[in-house]
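Across the two complexes that follow, subunit A remains constant while its partner is subunit B and subsequently subunit C.
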Partner chain A sequence: MTRTHANHGPVLTRMLGDTGSLIFVVVLIALTVAIPLCNLVAEPGSALHVSNFTVALIGKYLTYALLAVALDLIWGYCGILSLGHTAFFGLGGYAMGMYLMRQIGDRGVYGNPVLPDFMVFLNWDTLPWYWHGMDIFAVAMAMVVFVPGLLALVFGWLAFRSRVTGVYFAIITQAMTYALMLAFFRNEMGFGGNNGLTDFKDILGYSLSSDGTRVALFVASGVGLLIGFLIARFIVTSRAGRVLEAIRDAESRTRFTGYRVELYKVWIFTISAMLAGVAGALYVPQVGIINPSEFSPIASIEAVVWVAVGGRGTLYGAALGAGVVNFAKTWLTGAFPEIWPYALGALFVAVTLFLPKGIVGLVSQLRRQIRRKEPS
Partner chain B sequence: MDRFRTTGAARRLIAILVVLGIAFATTAAMAKGDTTGDPPSAGAATPDAQSTPDTPAPAQSATPPVSPAAGDDDAAAPSATDDTAPENEGFDYAGTVAALGEANYPEKRRIVSALASHPQAHTAELLAAFADNRLVARESDGKVFVAEENGNDYDLRDPITFEPAGRASTRDFDPVRTNIGLRQNIGAAQAQLKLSAEDAETRLAAVETMSEKLDDNAADAMRAHRASETDDDVLEAIDRALAINDLNTGDNDAKLAAIERLSGDNSQMVYNRLKNMLILIPEDTADADQARLRAAAAEQVERIDWWRTVYDYLETLFFGLSLGSILVLAGIGLAITFGVMGVINMAHGELIMLGAYTAFVMQQLLPGHIGLALVLAVPAAFIVSGLVGILIERSIVQWLYGRPLETLLATFGVSLFLQQLVRSVFTPLNRSVASPEWMSGLIRFNDLFALTANRLVILAFSMAVFAALILVMQKTSLGLKVRAVSQNRDMARAMGIRTQRLDALTFGLGSGVAGIAGVALSQLTNVGPNLGQSYIIDSFMVVVFGGVGNLWGTLVSGLSLGVLTKFIEPQTGAVLAKIIVLIFLILFIQRRPRGLFPQKGRTAEGS
Partner chain C sequence: MKKPALLESFSDRSRVFDFVNRPAAGAKPDVRHGTVLYVEDITVSFDGFKALDALTLYVNAGELRCIIGPNGAGKTTMMDVITGKTRPDAGRAWFGQNIDLLTLDEPRVAQAGIGRKFQKPTVFENHTVHENLELAMAGARSVWPVLFARLSGEQSAHIDETLELIGLAERRHTLAGALSHGQKQWLEIGMLLMQEPELLLVDEPVAGMTPQEVERTAELLVRLAGKRSVVVVEHDMEFVRSIARTVTVLHEGRVLAEGSMDKIQNDPKVVEVYLGE
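Our next item is the complex of A and B:
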């Protein structure tokens, strides 16, 4: 996995020196601008019109793509396979969900101005301590990055310090998200148990059901993905990024060279978890619900597959994979619901066996073949 | 005796003569047998019987006695004189039966009890009919019949001879009503009739049924029967029933003696009585006798409480071991594929599921042979899951050796595929696999301790599978080669081991064991497409906790995780217990990344 690095010059050229990344950023910006325009300006019925449904759908894909970028940052560049990244995604989502729950105010079914419906239903009379302050947007947004980050910091520090690697790390992250899922299923946790958080009304005073808010959320997702991508690019093209790759390729050798491997790992793992948390926070208002099934280990593995399908170690490939797989999922579950699990299963097998570098790898291979043919 | 088709008093006279003759013959035989020297009149009269003033000493009277007035409460007064059934002089059987028609509930109870103490040929049938609410009384004269509904009419039978007695409209009759309490009395009376059964089991069951509702009559009958009882178990049961009876009705000394006698008895019944006694006698009672009684009862209650705690712990331990044995079964296949071969097989859960479905299919193929189907399902599931495993290895895993994370993803794809395949073939509905008789119910060790049979069988089965697997790994050439390859693949190949073929076989072995686990699981839960998913994380945990590549480690870790979970559960509830165990595991793996029993040496450093 050799790659040329433009480690000199201005930051932007360094980050976007890679053709794929440049194309990705351009396409992403174009998408973020064009789709809202097509939704708001183009007349319904015209060829250019994009329905509200499609906007929400693509918005959801964008948050998935951000999750995939976060995963690729640790898996593709540092060799850390996390099978529990939806735990961070879910925690970010729950933080956002708590804020949205508090915004409902007395418009809930039970009309309690402070307590969310499910707490009234459970006969609680006071708000649990961790719900305080979540009605303030800034606090909630801080929690979106802080809670997943803290969990990742503690978990990563414990794991990497004792040199839990590879398969073992994958398994304990899976156990972590599984434990969280079980915990959030409990009503006593104060997160709505089985049903999770839902029935959201508005965000920052704007109704969630209005077209304008939807488009704004879409744009926020696009911008979020862009910023997340740029942060990730910044990291992997920096000097530290090269250390990360060294750790991926030869951990012991890097350690013996004098680098504190576990610090690098904890640090990148925490940043990745924060990005995943942001993705979850953008996801929740667009789908309107967050429940414990977001934590399921299966969902985590699916996210890993997006990265593998797109091509790990490229960042934009991960985002591409998230889009492609989820588009296929939406289409197949609608058209042939029986087929989808077969297709997904076959996809897993085919990608690992025949496309070890994913779609991105396939594309560059094709390009190379074409170039080789041209001179002759 | 229905050969004597005579009527009225003559019939009764003949019956009594015959009965007397039999009684003489029986007692003579008994006297010869154990030379106790009892008088041939079989007059082993109990003190109660002698002290009952209005009953003439019956054995001596040769003439048929005139019975007391029918319907009189005294008709039910205890007049039992012997354990042998045919001592019925002095008792107006027919009159007593006739009195049922207009009796109130307490009277009915006494009548039932009296009938059981003076049975005739059809007493059992009569009681059965009574319990089934088939007794009716004619409105006009209150005469009692056994009735069989037939359209708007009753087919009537005489309650004493059970001869057909014509047919009449249901409107002319009132049912002789029963209630729950009375039916219990009837049950006890029916049991009393069985006291003289040939079969010791029947007698034991009879004593136990009687002891649930023991009145004076029945207690007398039991006491009387005790003299002739030869079976130790039955004797013990009688003593116990009588002692419990004493706890209720005896005087202070009798109660004390009963507590003394019951001091080894932990049953719920004794416990309740003693507890009750503690409540009834105030703690600061002035009466010295009462105080002594209370102290004795309190001591026993304390003792039983102690035993209860002990058995509660034992039970929790058993549930823990049972859960552990399931974890071991689920994990042991993975211990081979993951532990020995280093392959992460996410489809492991689905191989378990396939095994469970194999059990289901076997039962469908062999309807009516639940147990046989289940036994045959074990090898069948081994073959099915094993073949699927070999297929997975040959088609996918073999290209990915040395790339564990890729293997993980690919096999996860296989697991999705298999799940959907099962959904398509068997529908997404849960199927239930029937349990054979020897796997259902409780195995009772004593009054406080009983284990569920299916869990016990699965525990034993799990240990057997483990032992077999250890044998395969230690004693067969396959096992030797597997160990060699797991230690040093290149060297093993250099020594002439065909590693490719061996990989397939090893993977098949691990998968086949997963299938066997599925058969066992089918006895505990419903079989559905998601069965495997719920076990995959647990299985990995067990293997990693035990130390990868170490079958014994898997056994220890599975059992200890099971026990740990079950001991946390009472305090926290099942879900929280599971979360706590998971957190414990995560922390443990971080302390000791290579599990409880890590592999040592150069080979362990590879992965």
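Our next item is the complex of A and C:
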């Protein structure tokens, strides 16, 4: 039970010092380069060709993986179980959706140059104040991180200052995302009610239906995941990361050592929410719609299952889990649509009982067993 | 008509308001009068049960004080009050003449210079011995400085020194969770030392230790006193006899007796409630 001290070397060796993280980064970069090439360069029909559908699908998984990394940052490293993290994902997605709606301009069904279709339909004659400026890409992107971050800051400050932890915190995060869902369902909120925001035409002047834009969004998702992962790795391998783990393992000891536990928690919760917001913003243009179902409590629970399946407290495990579970979901909802909820529940129970460290834990256990056999 | 409590507190003519003579943040305790800890008339009750009943206690700077008493005498509650975990119903607690402990929470008390060792050894089990000491090291505590913190050569040397002192130099890269019970106790004491506190509160440091370990712990605590003030709560009478100059006996939340070990042992009240078992 010893650990070598990679923790104090140069920053890059520190961040990519462990095999798992290094493999993850290499595979992610390879994927981000290879898939677009296989889609654009390889001839359709050849064995190397990747269809547009697959590009969009993997692009979506990459944004889910970023959400999983954000969730693992707080759950795996600081012991904060959030069952409402897709709320931040959804808010980031809505911010992007608002920008895309404003880009439609007068090409909507009603041809109003300023108001999105659903507002014309509701007989509104002016744009609500919070829609102003969202036609500027930079403003919208700032909102993608600012809005989820602000909500997490306020919510986290109230909860962590009162020392709400564990299952109580999990329950109030469920309440938060449920409240947001109900709010966004209302037409009066000005976010398109239960239809949400859709019928997007283009982003930064490029058509969303063109192959080039799709591939660019895929690459953006890959790069987004890579940057998010590196930020998370930088944090968890710093001394602040060790403080977070100390909070997870012995919260009161950390307090008596002089660390203001609630500030660390608010800080990491806010960063995690911002990463989730970015994930949501990358997700929306690829799936073409954002609606209040993103805020549903079950969606957040699913995200927690991804992290648990992949392996909590490793970051790359969470990303892997998001990919594996969503691949299973895509396949199962196609083949046997009605059993998916049961499969998800069974998966969570099975992982909790048999794989407490997820897929990553299973792999390292197998490697250890093989190594033990070899010398004899 | 009775004035509301808030109004009354403002119209109290002898009241000294907090903003007068407030110590600067990060101030060190002022021990010019030779007393490092003032605990006066502290009362704590849980559901009507008085865990501390107008407890009054002073600890001199540089002193090694042992506190003994039967279970439920209020020893741990007293530590909780001093370290900001429990707020008393009444009384005052000052660290030196200038730091009012009752206005501070746990991290601020720790930053002011009071280190606490728990009864059950609590170390960060998923961190190595070295990392445990690094986290406890006096210095940056807020998020940004800690995020970008690097160990300087001087700090590394300081950690190495402490590792030698607590006899864990060989095990610096071992996860703290894999240490033996006695080693964890030592690591926790080492972490307290890294905090460079003026006052150490040590709750049952030798519980579960082998006789050799007990001896080394006694040696360490005696050596610490003088530079720092040390308050030890302990059940083990042999151990108390071996280190203590002044012993305070608590009973039912009050001080029953105070003095040298010989004086305490011959006090009929003490014999009756504690030693006579």
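Note that the second predicted complex is superposed on the first by the 371 of 376 C-alpha atoms of A that agree within 3 Å, B and C clash if a C-alpha of one lies under 4 Å from a C-alpha of the other, contacts with A are read in each partner's own complex, and residues count from 1 in each chain.
Everything below uses one rule, namely that a contact is a pair of C-beta atoms (placed from the backbone, for glycine too) under 8 Å apart; a residue touches a chain by one contact, two chains touch by 3 or more.
Note that the structure is predicted; figures quoted are calculated from it, not measured.
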Q: Could you tell me whether subunit B and subunit C fit or clash when both sit on subunit A in the superposition?
A: fit
Q: Could you tell me if A:Gly258 is touching subunit B, subunit C, both of them or neither one (first, second, both, neither)?
A: second
**Q.** Superposition-derived comparison: subunit B or subunit C, residues of subunit A touched
**A.** B
Q.
Is A:Ala142 touching anything from subunit B or subunit C once the two structures are fitted on A? First, second, both or neither.
A. neither
Q) Touching A:Val167 in the superposition: subunit B (first), subunit C (second), both, neither? A) first
**Q.** Touching partner for A:Ala240 - first (subunit B), second (subunit C), both, neither
**A.** second
**Q.** Partner chain(s) touched by A:Ala42 [first = subunit B, second = subunit C, both, neither]
**A.** neither
Q: Please work out how little space separates the C-alpha atoms of subunit B and subunit C at their nearest point after superposition, in whole Å.
A: 7
Q) Between subunit B and subunit C, which residues of subunit A are contacted by each of them? A) none
Q: Please name which positions on subunit A make contact with subunit C in the complex.
A: 1-5, 7-8, 235, 238-240, 242-243, 245-246, 249-250, 252-261, 263-264, 267
Q | Footprint of subunit A on subunit B - complex, ascending | A | 344, 346, 396, 399-400, 404-410, 412-421, 423-424, 533, 537, 540-541, 544, 575-576, 578-579, 582-583, 585-587, 589-591, 593, 607
Q. In the complex of these two chains, what residues of subunit C are touching subunit A?
A. 83, 85, 105-107, 110-111, 115-116, 118, 122-128, 130-131, 134-136, 141-143, 146-151, 173-175, 177-178, 191, 195
Q) Can you name the residues of subunit A that touch subunit B in the complex? A) 81, 83, 155, 158-159, 161-164, 166-168, 170-172, 174-176, 178-179, 182-183, 185-186, 297-298, 301, 304-305, 308, 338, 341-342, 344-349, 351-353, 356
